[in-house]
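Naming follows writing order (A, B, C and D), and every chain is counted from residue 1.
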Amino acid sequence: MHYIAETRSNIPHDLVSVSDYAEHAKQHIGHDIYEYIAGGGADQLTLRRNRQALDNIQLLPKMLKDCTQGSSALHFMGESLRHPIILAPVAFQKLVHPQGEIATAQAASSLETTMVVSNLASHKLEDIAQNLDSGKWFQLYFQESREFTLSLVKRAEAAGYTKLMVTVDTSLHGIRNRAQRAGFVLPEGVEAINLRDRPPLPRKTLSKQQSIVFQGMMTEAPTWEDIAWLQQNSSLDIIIKGIMHPADALKAKQIGVAGIVVSNHGGRALDSIPSAIELLPKIRKSLGPDYPIIVDGAIERGTDIYKAIALGANTVMVGRPQLYALAVAGALGVAHMLRVLREELEVTMAMMGTPTIGDITQDTIYRGEHR
Amino acid sequence: MHYIAETRSNIPHDLVSVSDYAEHAKQHIGHDIYEYIAGGGADQLTLRRNRQALDNIQLLPKMLKDCTQGSSALHFMGESLRHPIILAPVAFQKLVHPQGEIATAQAASSLETTMVVSNLASHKLEDIAQNLDSGKWFQLYFQESREFTLSLVKRAEAAGYTKLMVTVDTSLHGIRNRAQRAGFVLPEGVEAINLRDRPPLPRKTLSKQQSIVFQGMMTEAPTWEDIAWLQQNSSLDIIIKGIMHPADALKAKQIGVAGIVVSNHGGRALDSIPSAIELLPKIRKSLGPDYPIIVDGAIERGTDIYKAIALGANTVMVGRPQLYALAVAGALGVAHMLRVLREELEVTMAMMGTPTIGDITQDTIYRGEHR
Amino acid sequence: MHYIAETRSNIPHDLVSVSDYAEHAKQHIGHDIYEYIAGGGADQLTLRRNRQALDNIQLLPKMLKDCTQGSSALHFMGESLRHPIILAPVAFQKLVHPQGEIATAQAASSLETTMVVSNLASHKLEDIAQNLDSGKWFQLYFQESREFTLSLVKRAEAAGYTKLMVTVDTSLHGIRNRAQRAGFVLPEGVEAINLRDRPPLPRKTLSKQQSIVFQGMMTEAPTWEDIAWLQQNSSLDIIIKGIMHPADALKAKQIGVAGIVVSNHGGRALDSIPSAIELLPKIRKSLGPDYPIIVDGAIERGTDIYKAIALGANTVMVGRPQLYALAVAGALGVAHMLRVLREELEVTMAMMGTPTIGDITQDTIYRGEHR
Amino acid sequence: MHYIAETRSNIPHDLVSVSDYAEHAKQHIGHDIYEYIAGGGADQLTLRRNRQALDNIQLLPKMLKDCTQGSSALHFMGESLRHPIILAPVAFQKLVHPQGEIATAQAASSLETTMVVSNLASHKLEDIAQNLDSGKWFQLYFQESREFTLSLVKRAEAAGYTKLMVTVDTSLHGIRNRAQRAGFVLPEGVEAINLRDRPPLPRKTLSKQQSIVFQGMMTEAPTWEDIAWLQQNSSLDIIIKGIMHPADALKAKQIGVAGIVVSNHGGRALDSIPSAIELLPKIRKSLGPDYPIIVDGAIERGTDIYKAIALGANTVMVGRPQLYALAVAGALGVAHMLRVLREELEVTMAMMGTPTIGDITQDTIYRGEHR
């Protein structure tokens, strides 16, 4: 697939950055859907902080280095990656494009990009896997029924997915006021198709002293015990997504979890949490240099990726931009968006004088100590 | 009373947060009244700082905790509270709704919420008490005449109020320029009905060397001696509202005052005062772990309540939102507003991995030391 | 003069703060004149910083103090002041009102306010003195001719002025781009009438290697020697206005100058200078508790005055608001503006629990150490 | 040439600062060209930081100094400069004015200003040199062919240029999204005329595993070896432009490079780099007091120049304002712009009490330690 020629000829000339896709997407999807995608929790504090924290990080370049042998390739968790950009699990992609996750998988294949398929995908996980030539990972929410949870895992194993990413930071939906105010509801024809056979939830009646939150919703939420159970019941590497506390990160490593995603769910979970990027150095320090760490949250520029790696991440995940690019130009849009990101990363590496991923260390960060 | 069903069916779908009530209220009340309610002192510095200080506080969650036994209930000053949200004393509630404090009291009852009735209420304190099934506290301004002050206290005792909250930070009104510019005056039909029998103020003539402030208005202001006098003349627990200085907090405890409200009067008193939340840790430290501390000022989110408790408060008070909700939807609005706040608090507790009020400690605050 | 009654009945109800006068003044004077008055130097950095520095200072009040003996009066440099507010020297007051400095002097008298008459006044210094019952000080720019400079001083002495305030920070006008862009020129009928008899400047021809700045304009600028000469030639107390560097402050004291004004000329001199209020504590510390210090720059609120005194000033000067109030309502406007400021100061003192000027110490400043 | 009289009579009265030229220029050039000139890299972070960093620096003036012997002249790298303002290399000046670099050279001559002629000039370097009476320096990008690179150097030597400024921070163009979004392409009639005889680039075919960045564009980028080669092949002093890392600065000095420009290419190279002014003190400290350092980036005010010198620069370079002034008023505009800058610098020196360039030390910077 000669995507570069194609994308160059088909994408409007003023679509030159990931943020351009966000802006253009508004013309392709309804306001309610846009608000559902773009919105963070409650007052958008964490959403804004995610962006601000990245913008506040400064890079200090070295000049006149030979970069002609450079490459953004890396090995990560036993797999070879062409570049450190991974497609984060994003639910319900039919919301913005009829081909949904299938189109995204095709774009991922073309850019040799690992894709994490959401268990809330609007296409069957098996169909997505068939369209995905590059890295195939599966994201899982724990379900009320362990049996049904396990059935999802087994389907993922059978379809060729190589890792399980278990999201643990949104047992509750968070306070999604922007989506609520816009009146967002899942439109007809878009559903969590992989959960169709989920057994109905048992009817509970809460007493007056009980809480709809604690005795209601939280009864579905996983605990560390559930993680241990899953480790015993699947042969796949398990990655926990949604860790922010260094103590949780250490615990994950100690119980043999294969890797973590330091993440505040793109600012969509609890509003008031710091940016993942701020916690990253401390978490890297406590886990040691070799433990696999992914980070996400407002990754929109090659410099964002570079900063994340410099501060301790191995790879980054990109979420919302998938939907914006899909809305604007389908598979071609996602491919172009990924290409922009990868080229921006490589341009950053070249301009910093650090031609390989391994060269991107904390020393490249400017901390104001040079005054 | 099955308030949840009711509120869910009657409140517009885009009223999903306390700030939505503030916004919607503008359509239900006059500009002058809105400005009187929303305005802070002078240049709104303290008003903005109250919000900003809360927004700047970051929370660091722990994942995968079992929260199924969670609860937001607590014991406080000898009473059992369903949750740590208290309705602050708010004057003249007929300004925004004909049922005024009666409607608020009904909402408080339905949500098992303690209400502090203002001595400037626009309904008789006895009538309000009759509509209030949950915690009944009474707020007092010292009056020029000790005799009349005491008569108010005795009426409150007789009506079943269990605590006296004495406000000490607004002997002077402060510089309320927003209300002045909007031309606010108390409209006909709204009055401090409980002060009807107040004896007329003695006529004073100031000499040219005297100050309208010091020798005029401040002659009504209470001093520590007045607090001591009140302690001797009432059997009720006394809470002092409006303490900001740690030295004042310590003095209150030392003379046997039952509790304090750390408060800058919602930014309506002296403009340039810090946010109560900023002083809280130091005050808690100097008073010890058991002394009752309430905090108020810009509490509009479950996360705000959580932060206040984490930094040393036992409970919080909510002021202006009562009026906004009352203006928009009467008792139902106040009930819905309270439910939103309580659920947001419980969602925060669940997402933080701290299922009881006692679990909310200073350790949950992210201080940037994790870099 | 029963100014309180008068002002209350004649000033529109929405003119309730000094900043209201600034806003209203736009309707009474031309855009060019407004820009000349309101503008700071170059990019307005120092102008904005003056306001911001005051706004950033926080006050920590004590409650329940007896303030009935309070007063804002003080003794300063051998004179009794009713309050610590002084009218700064402001040139060309006819620009905004035909009565100009005469009206201002009447307002000053009515509020028992010391007025510093500018040597660039648009009325004769003798006429202004005749209308001024309260403190009379005279401001001086050094002129090219020492003889003419001395003639101004002698006229001031003869007219009853008791102090000489020598402005030293604007030998050059600074870069007044806002006034330039608005096309401001002194309109006909407004002139520096007290300088009418100034001898013509000697014609200079600069060589190509010479600078219009250094060898041109700066030849009129005074040096420390000129100050010493003035001390020998006038019996009046000399105050130097425009000191920012602690070393300059110390030098002024050491050579026997009677007092200083810590000032950046309202942000109109060199853009990029810090706010006077920021330098004040260090300057007070180096000069000791008794040396007379005045501060100016963005004093618009009672809290601003309070903060300046808490940080080391004895008194403050108010500049631009004179012109705004004069433009809006003549003498009555200036009197009302001064009354608002004084009452705001007294309200601040009362609410802080510090009933006399001597009670306003650095301890009243909140420095964030209470966390 | 009596430029002062001329400029005073021909420039509109509201063009009083460098930023005014930027604003007015929008009316003289197309939006795409304006965006190409004004735009920084990617999200404009570094562009904004350049301005902000300068604005945040505060100056602390001393009063009453004798400045009548003042001058802004200096000796620098063996040449006598009338003032420390140098015209930065700016490509393609015909974009904004038909006379392009010829007009700029005439203005430079009139203001005795050193001009660095870009190797991407739209006029022949020999023609520009003929119109330039003041300092003549030549800026060089390394070309794919060393032979062609050397031919440019030899032409510069022959034309009388005395220094070579080698730009090393833009082997890659950076991510110039603002120019891209505006659809900027070099219009017909504007070309890099001095590179006309450049041999065609060899056609490369990249394999699928190769990167268009590393194995494509970066093969033209110079390394330290190329600098050494140039030192051996030219008799001119070499200045490296685009150094930000103190380690690179030290290396340049150690290998005998004559001077450096601390620069982030006006925010046009890698977005996220700190401001040059922030690195300056550390670089000056590590290079010692005598090594020649130039700084650029957002120099728009006399105070900017002053701050740069105070923090360690010998001279500054001014880039974009050349184009804005050229667009608005041709040679006259550039001359006026330069005069404004020089006079603003001298006014700053006079108001700071530092009448010579040598007096401008780090002691003039206010660091907040005076509290």
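Operating definition for what follows: contacts are C-beta pairs under 8 Å (C-beta built on N, C-alpha and C of every residue); 3 or more make two chains touch, one makes a residue touch a chain.
Because the structure is a prediction, the values reported are computed rather than measured.
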item	value
Chain-contact steps, minimal, separating subunit D from subunit A	1
Angle of the C-alpha superposing rotation, subunit B to subunit C, to the nearest 5 degrees	90
Interface numbering overlap (same over half, different under half) for subunit C and subunit D	different
Approximate Å spacing (C-alpha centroids) for the pair subunit C, subunit D	42
Distance from subunit D to subunit B - Cα centre to Cα centre, in angstrom	59
Multi-chain contact sites of subunit A, meaning residues that touch two or more partners	none
Each pair of chains that touches, named by its two labels	A-B, A-D, B-C, C-D
Residue ranges of subunit D in contact with subunit C within the complex	13-14, 16-17, 19-20, 55, 57-72, 301-303, 307, 343-344, 346-352, 355, 366, 368, 370-371
Contacting residues of subunit A [partner subunit B, same complex]	42-43, 45, 168-169, 171-172, 174-175, 177, 180-181, 183, 211-215, 217-219, 221-224, 226-227, 240, 242-248, 269-274, 278-279, 281-283
